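Across the two complexes that follow, chain A remains constant while its partner is chain B and subsequently chain C.
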Partner chain A sequence: MNKIAKLFVTFISAITLALVSFTSSFAKVEGEYIVLGSAISLTGKYSSNGVHTQNGYNMAVDRINKMGGVEVQGKKYKFEIIYYDDESNPKRAAQLAERLIKQDGVHYMLGPYSSGLTKAIAPVTEKYKIPMVEANGASRSLFTKGYKYLFAVLSPANQYLEVAIDLAVEKNGGKGVRIAQAFEQDAFSQDVRLGILDAAKRTGSEIIIDDKLPKELNDMAATLAKVKATKPDVLVVSGHTKGALTAIRQISEMKVDVPMLAMTHCDAAKLSKQHGKKSEYALCASQWHKNLSYKDKFFGGGKKYAKDFQKEFGYDPPYQSAESSAALLVFKDAFERANSFDRDAVRDALVDTEMQTFYGNIKFGPGGQNIAKPMILFQVRCKGDDCENRVVAPTKWASDKFYHPIPKWSERS
Partner chain B sequence: MNKVKQKDLILYSSLIILGLAAPYLFSAFKVQLTYLCVLIVLAMTWNLQGGEMGYNTFGNILFYGLGMYLTASVQVGMFFPLAEWTESGGEKTFVHTTAQYFQGIGVGLLVSAIVPAIVAGAIGYAILGLRGHYFAICTLGLGIAAGEIAGGIEIIGAGQGFTTPPFPAEIVDTEARGKFFYFLSFALLIGTFIFVKYIYGSRFRLILNAIRDNEDKAEAMGIQTMKYKIVGWMCSAFFCGLAGGIMGGLIGYIDSTDVAFDGREMGVFMVLMAILGGKGTLWGPVIGATLFHFFKEGLWTLILGWQYVALGVLIVVIVVYFPEGLMGWLREKYPERFGEVIDEKDRKAQVELK
Partner chain C sequence: MDFLIFKAPMLMVQASLDGILLGILFALIAYGMALQWGVMNIINIAQGDLVILGGYIAYTMYLAGIHPAWGVIVSPIIMFFVGWALYKLVINKVVDRDLFISILATFGIAIVFQQLMNFIFGADVVVAQSEYGTTMLFDNSVTLPNSKIFSAFISVLYAVALVIYMKKSRLGRAIRATAQNARAAKILGVDTEKVYAATFGINAALCGIAGALISITLTLHPYVGLPYTVRSFMIVIVAGLGNLPAVAVSGMGLGLFEEFADYILGTEFRIGAVFMLLVFILVYRRFKLSKKREYLK
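Right, the complex of A and B next:
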C-alpha cells in the first residue's frame, strides 16, 4: 500500500507540474491578432451544421483579413479564432466556454451551433462579461433572460414558421386550418412549436396532431400514419437537418398526401440535391437566401457570397454559413466603432449596431435578438430533375408564386 | 501496523491539502477540477456494483440525472412557481437572493441524495433478481427510458431544457461561483471516499464479494443476498444523486438526454474509469478517473473531430492489455508491494515445473 501511495503522490505531483506549466494564458489581443473563441460541433448530432457554421466563420475571417482587417486606434488587426469541438453536447460546451475564457484568455466569443448549446454557453459568457455574437441560437428563451453580453444576428425561432400558417390560412380563404405538427425534443424545435401555437390561436386554426420526436430522429412513421388517417391541411416538421431528411424520405415512401408541408433546415440538409423531386413543393423557413438584395462591401451581395463560398468549400452555402459570416462582420464593425479592446466598450458598441450586411440588416433588440431582418420562406421547385429553392414569401423578395396545394403522389410523375 | 497508519495519514493529509489548495494554485482550471471530483465519485460508486458486487450496471446514470433535476427543481420550486420558471426559460423576473440561492441548493442536494436512494431501493427490488448480462441490459434501458420521460415532462422544461438558477448577482467576485462548486464537489469526494473506505473494512464488502464470486453459494451460506444487493445500490444512488445535483448547478443548463441522463457519455465514462484504474480496488477508480480526465482534457483538443475514435482505441487497449486495470496490472507485477507474501522457493519451483 505504501509504495502504491508513493506512486500516487508522484503521479499527482507530476500532474501538478504539468498543470503549472500549462497555465501561461494567451492575451485577448496577440500582436496583430484579435483572438476570438468558439466551441463548435464538429462531431455528434449537429456535426454537419457545426461545419457549416465553422466554414461561415472561416470564410469571413479570411475575407476581412484580406481586405485590411480591423482598424483600432490607427492600427490594423487581423481576426483569429480558437476552435474547440463541443461534441454537440451542452455539458461539454459550457466547460469549453469556461476553458476558452479562463485558460486561453479569450475576451470575445463567437456562438456555437444550435440553441441548446448557446443556452449552455450564455451563462458562462455572461458571468465573465464576455461579449458573444452568435449566429445559430434562435430559441426565444435566450432573449428573455436579460442577458447583456449576448447578441444574435438571427431572428428568434418562434418566427420561423408562423408565416407558413398565415399563408395556409390565406389559401384557405381566411378560415382556420387543421394543423398536424411534429417537433424534435430540443430547445430550438420546441420554440418553433410555440410560434405555431401562437399562430394557430391567432388565426383560429386547430392543431389535430402534436407529436414529439426523439433527438437524432430517423423515423417518424407513426406520425405520418396519423397524418394519412386524419388528412390535415398543413404538416409542420422541425428537427434540424435529420428531421428534414427523414420527413421527406418517409413522406415519399409512405406516399403521404398533404396539401402543404412546412419545414426548417431544408437548405442545411441540401434537400433539393439529396432527395430531388421527392422534396418538391416543400416549404422551408430560412434566415437568408442568396437571391435577397442586401449588400455589403466585403461579400458584395448574396449571389456573390454564394459563388465565393461554392468556390472555397464546394457546396452552396446554407443560411447557417451566411449568418455565421455575418457575425464576424458585426464584430469588426463593433471593434472599429468602439475603437478600443475594452470588453465593455465593445459591448456598448454592439448594442448600438445598425448595419446592412449581405445577409440582411442587423440591429439588436433589448434581449439581444436581431430585430431588423424578417424570416423568409422558400419552396423547393423542380425543372426536370433539377431542383432548387425559390423564395415565395414575404412578397417583397418573392421570385416565384407559392404553389398550393401540393399535388397528390398519384398525380406526380 | 502503527507505522503503516502513520504513512496513510501523511498521504491523506497531503492529498487533502492539495485538494484544498488546488483552486488557488490552478485558478483557471477550477471547472475541470470540479469535473474531476465528480468523475471520481461516479467511478467509485460504480465500482461498488461493478467491481465489488459483480453487477455491471449502466443504470447509475439514472440517479445522477435524477439528482440533477431534483436539485434544480427544489432550488427553484422553494421560492418561485416552477412551471412559470421553466416555461420562460428562467426569465429574469425571478431572481434568487443570495440567501435563497444557498438555501435552495442546500435543500435541493438533500432531496437529490435521498430520493435517488429510495428510487434505487424500489427499482432494485424489482430488477436485482436478474443476473449477469440480463441485469446490464435492463439497467441500460433504465437510463434511456428516464431520458425520454424527462424530455416529455413540461414542468421541468421537457425538450426545451431547464436553466438552473444563476449564481447570485450580489456576489461580485467572478471566482466565487467556481470556488463554491469546487469545494462542494471536493467535500462530496471526501465524503464518498471515507464511506467507501469504511465499506472496504467491513463485513458488508465481504458479502458483496461473496455475491460476486458465487451468488448461489452465498445464498446457501444463509446470506440474504437480495437485501445486500439493494442496500449496496442505494448507497451508490445516494452519492450519484449528490454528484448530479452539483453538476446541474455547475453546468447551469439541464438537457434531458445530453446532460442529465447522459448514458452515452457519463454513463459509459464511469464504467470505463473504474475498469481503467482497476475494478474491485479502493484506489483503482480514483486513479482511473484522474488518468481518464487528464487524457480527455489534455489530448482531445489536439485531435479535433477524432477524439471519439481515440476513445474507442483507448477502450480496446484497456480491455486487451489491462483487463484488470492499472491496479490489477501493478499488483501482478509487484505483488510484494500490495502486501502479498510470496514464497521465493515456491515461485522458483513453479518456474521449473514449466
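Right, the complex of A and C next:
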C-alpha cells in the first residue's frame, strides 16, 4: 500500500513538472505563433456572452491565419490564444490574468466579457505592462483611471443612449423633453445613466423620474405606475437582459403608454423573439449591426461576417462577437506597424491605431476608449408575428425610418 | 417634500394591489419554508433555487408548446420527487445536526442547483408568455396583469388545500406530531424518516408551484434564486413557524410595505427598507421576550 502511494505521488509530481515545463515554454512568440492570452467566462452567469466573445476571437484568429497571418520583420506569424475559464468571477479573472502573464509567459492579452471582469484584470495587465485589447468592457470608469496598456474597440457606456435623447429632442422640434429613467445599480447601467444626464443638460431636457433599480429586482411595477401617472416623453431603461425583459413584460401588461422607449441589451435578451409583438417600437442601443456599411479585407462587410459566422457557429452573431473579432484585427495591425514584438513598441503602435474594420472605425482616445465609432440605435419592428431589429439612427446608416410616437396600447392589435 | 403617491390616489390603489398580489406569491414560498423549518429544524438556503427550478419546468413546457400555466400542476409533481430525492441523498444526514450544518449543506445544494440549471438551460434570462391580458379598473388608471391575479389565486388555492390536508389526512397529522415532538412521535409509531422526506417533498412542490407562477409573471435566470430565499426567510421570521395565517399576512404586509417604500423613499431603498423593518421587528421581539422573562423570574 505504502509503495503504491509513493509511486502515485511520484507519478503526480512527474505530471505536474511536465505540465509546468510545457506551459512555461509558451512564451510571447513561440515558433511561428504569436500567443495571446484571455480569461473568459465559459461558466457562470456570463457564460452565454462569454461564449459569444470566444467565438468572435476564434473566428478572427482562423481568418487572419488563413489569409497569411501577421508579418513582422519579413516573417509570417500566426495567432494562437490561451483561454482560461474565469467562472464569471472577478477575483478568479484577476488570478488567471496573473497566471497567463507569469506562468504562461503571455505578453499580449485579449479582454474578458463584461465591464466588471475587465476592471478586475486591467490593474494586473497594467502592473506587468502587458498591452490588452478588450472588446467587452464599456464602463466609463475603465477609461478614466489613466491606464496606458488598455485599449477598447467599443464605444464607452455613457454613449449608449445619448443618441436616443437627441432623437427625442429632434422629434420635439428641438425643444427639451421630459425623461423618465430607470437604471440598475451596477457600474455599466449607472454609466449609461450619466450619459443621459449629460444629454439632458445639453438639450435642456428635464428628468422627472430617476429610479435606481436594485440588482435583485425583477419587478418594476412601481416605476411603471409612476410613468403612467406622469406621462413623460421618453422612458429609458437599462438593467442588462433582465431589465429589458422585465420592462417589456410589465409595460405591455400594465398598458403603459409612452411615446418613446429606449433600452439597452435588447439583442442579448433576444427581446423580439421572447416577447414578439409586445416589444415592437422599442428603441435599442447597439455597438454594431450587420447592416452597417463598414468594410475590411478580412471579413468583407457586416453582412458577409454575419453569414460566415452563422455558417461556422450556427447562430446570428450578436455584437459581442463582432467586436471581439475586431480586437484581433487591431492587434494584427499594431504588430505589423510596430514591426517588432517589443511590448512597448506594440503598445505605442496601438496608441496610433487608425483603421476601419467591418465592425466600425477604430481610433483610441487618451483613456483607451474607441472614439471613432458612433453607437447605433435600432427599433424592433414586426410584420405579423415576425419581429426584427432595424437600424434607425444615426441617419447615415439607417435602413428604416424611426417610428414615432409609439401607438397607444388601445390602438395596437 | 411632495410625494407623487399622495397627489394621485389611484397610484395608492395600484401600489396596494401590486404589493398584495406579489406578497401572496411570496407567502406561498415562505409557507413551504416555515413548514420544513418547523418540522425538521432546517433553514433551507436552496429554497429560492428550488423555486427557479420549478419555473424552468414550466418554461420547458412552454417551449414544447404547452401553456405554461399547466406548470402549476406538472411542476409540483416533479418537484415533490426532486425534494424527496434531495432528502434521501443529503438532508437526512444533516437533519439531527445543528442548524449551522444544515445551512452549509443547503448552501452547497443551492450552488450545485445553480450550476446545473446554468448548464442545462443556459445563462440567458427567459420568460414564458401566458397571454392572459390585463384587467383595467377605474377608467384604465389602475392596471393589473391577469397573470398576477391568476398567480395569487392559484397560491391561495394551494395554500388552503394544504391546510386542509394537514388537518385531515394521516400524513398531515403525522407531520404535525413530528413537528411538536419528534421523539414522542417516533415512540408512538410514526415513521419520522418518512415524515421528514414527505415534508421536504411538499416544500419542494410548493416551490415548484411558485416557480411556475414566476415564469409567467416575472423572469427566470439560474442565479436569481437567492432573493427568493431571503424574502421567504424574512416572512417566516416575522410570522413565526407553523402559523399559516400569519405567514400570509406577513407576506402581503411585506409586499405592501415594499411598494410604499418604493414610492416614498425611492426605488433604491425598497429592499433596504424591508431589511430595516426586519431589524426593527427582531429588536421589538427581543424586547418583548425579555419583558416576559422578567415576569417569569
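The criterion applied here is as follows: the second predicted complex is superposed on the first by the 385 of 413 C-alpha atoms of A that agree within 3 Å, B and C clash if a C-alpha of one lies under 4 Å from a C-alpha of the other, contacts with A are read in each partner's own complex, and residues count from 1 in each chain.
Convention: contacts are C-beta pairs under 8 Å (C-beta built on N, C-alpha and C of every residue); 3 or more make two chains touch, one makes a residue touch a chain.
Note that the structure is predicted; figures quoted are calculated from it, not measured.
**Q** Which holds for A:Q310: it touches chain B only (first), chain C only (second), both, or neither?
**A** The answer is neither, since A:Q310 touches no partner chain.
**Q** Could you say whether A:A229 touches chain B, chain C, both of them, or neither, answering first, second, both or neither?
**A** A:A229 sits against chain C, while chain B stays out of touch.
**Q** Just checking: does A:K242 make contact with chain B only, chain C only, both, or neither of them? Give me first, second, both or neither.
**A** second
**Q** Scan A:Q185 for contacts with chain B and chain C and give back first, second, both or neither.
**A** both
**Q** Is A:S399 contacted by the first partner chain B, the second partner chain C, both or neither?
**A** In the superposition, A:S399 touches no partner, neither chain B nor chain C.
**Q** So, does A:S293 touch the first partner chain B, the second partner chain C, both, or neither?
**A** Neither chain B nor chain C is touched by A:S293.
**Q** Quick one: name whichever of chain B and chain C touches more residues of chain A.
**A** Partner touching more chain A residues in the overlay: B.
**Q** Which holds for A:V124: it touches chain B only (first), chain C only (second), both, or neither?
**A** Touch status of A:V124: first partner only.
**Q** Pick one for A:T43: touches chain B only (first), chain C only (second), both, or neither.
**A** A:T43 sits against chain B and chain C alike.
**Q** Which partner does A:K212 contact after superposing on A: first (chain B), second (chain C), both, neither?
**A** both
**Q** What part of chain A is shared between its chain B contacts and its chain C contacts?
**A** 43, 185, 212, 214
**Q** Which residues of chain C touch chain A once you look at their complex with the stated criterion?
**A** Those in contact with chain A are residues 4, 8, 10-11, 14-15, 18, 22, 115, 118-119, 122-127, 129, 134, 136, 140-141, 143, 145, 147-148, 218-219, 221-224, 226-227, 259, 262-263, 266-268, 270-271.
**Q** So in the complex, the part of chain A that touches chain B is made up of which residues?
**A** On the chain A side, the touching residues are 1-5, 7-9, 11-12, 15-16, 19-20, 23, 25, 42-43, 83-85, 87-91, 94-95, 98-99, 102-103, 116, 119-120, 123-124, 126-129, 139-142, 144-146, 183-187, 189-191, 212, 214-215.
**Q** If you look only at chain B, which of its residues touch chain A in the complex?
**A** Checking each residue of chain B against chain A gives 4, 7-8, 11, 14-15, 18, 25-32, 35, 88-92, 148, 151-152, 158-161, 163, 166-167, 174, 177, 247, 251-253, 255-259, 262, 265, 283, 287, 290, 294, 300-301, 304-305, 307-308, 327, 330, 334, 337-339.
**Q** With touch defined as at the start, can you tell me which chain A residues reach chain C in the complex?
**A** 43-49, 182, 185, 211-214, 216-219, 221-223, 225-226, 228-230, 240-242, 245-246, 249-250, 253-255, 269-270, 274-276
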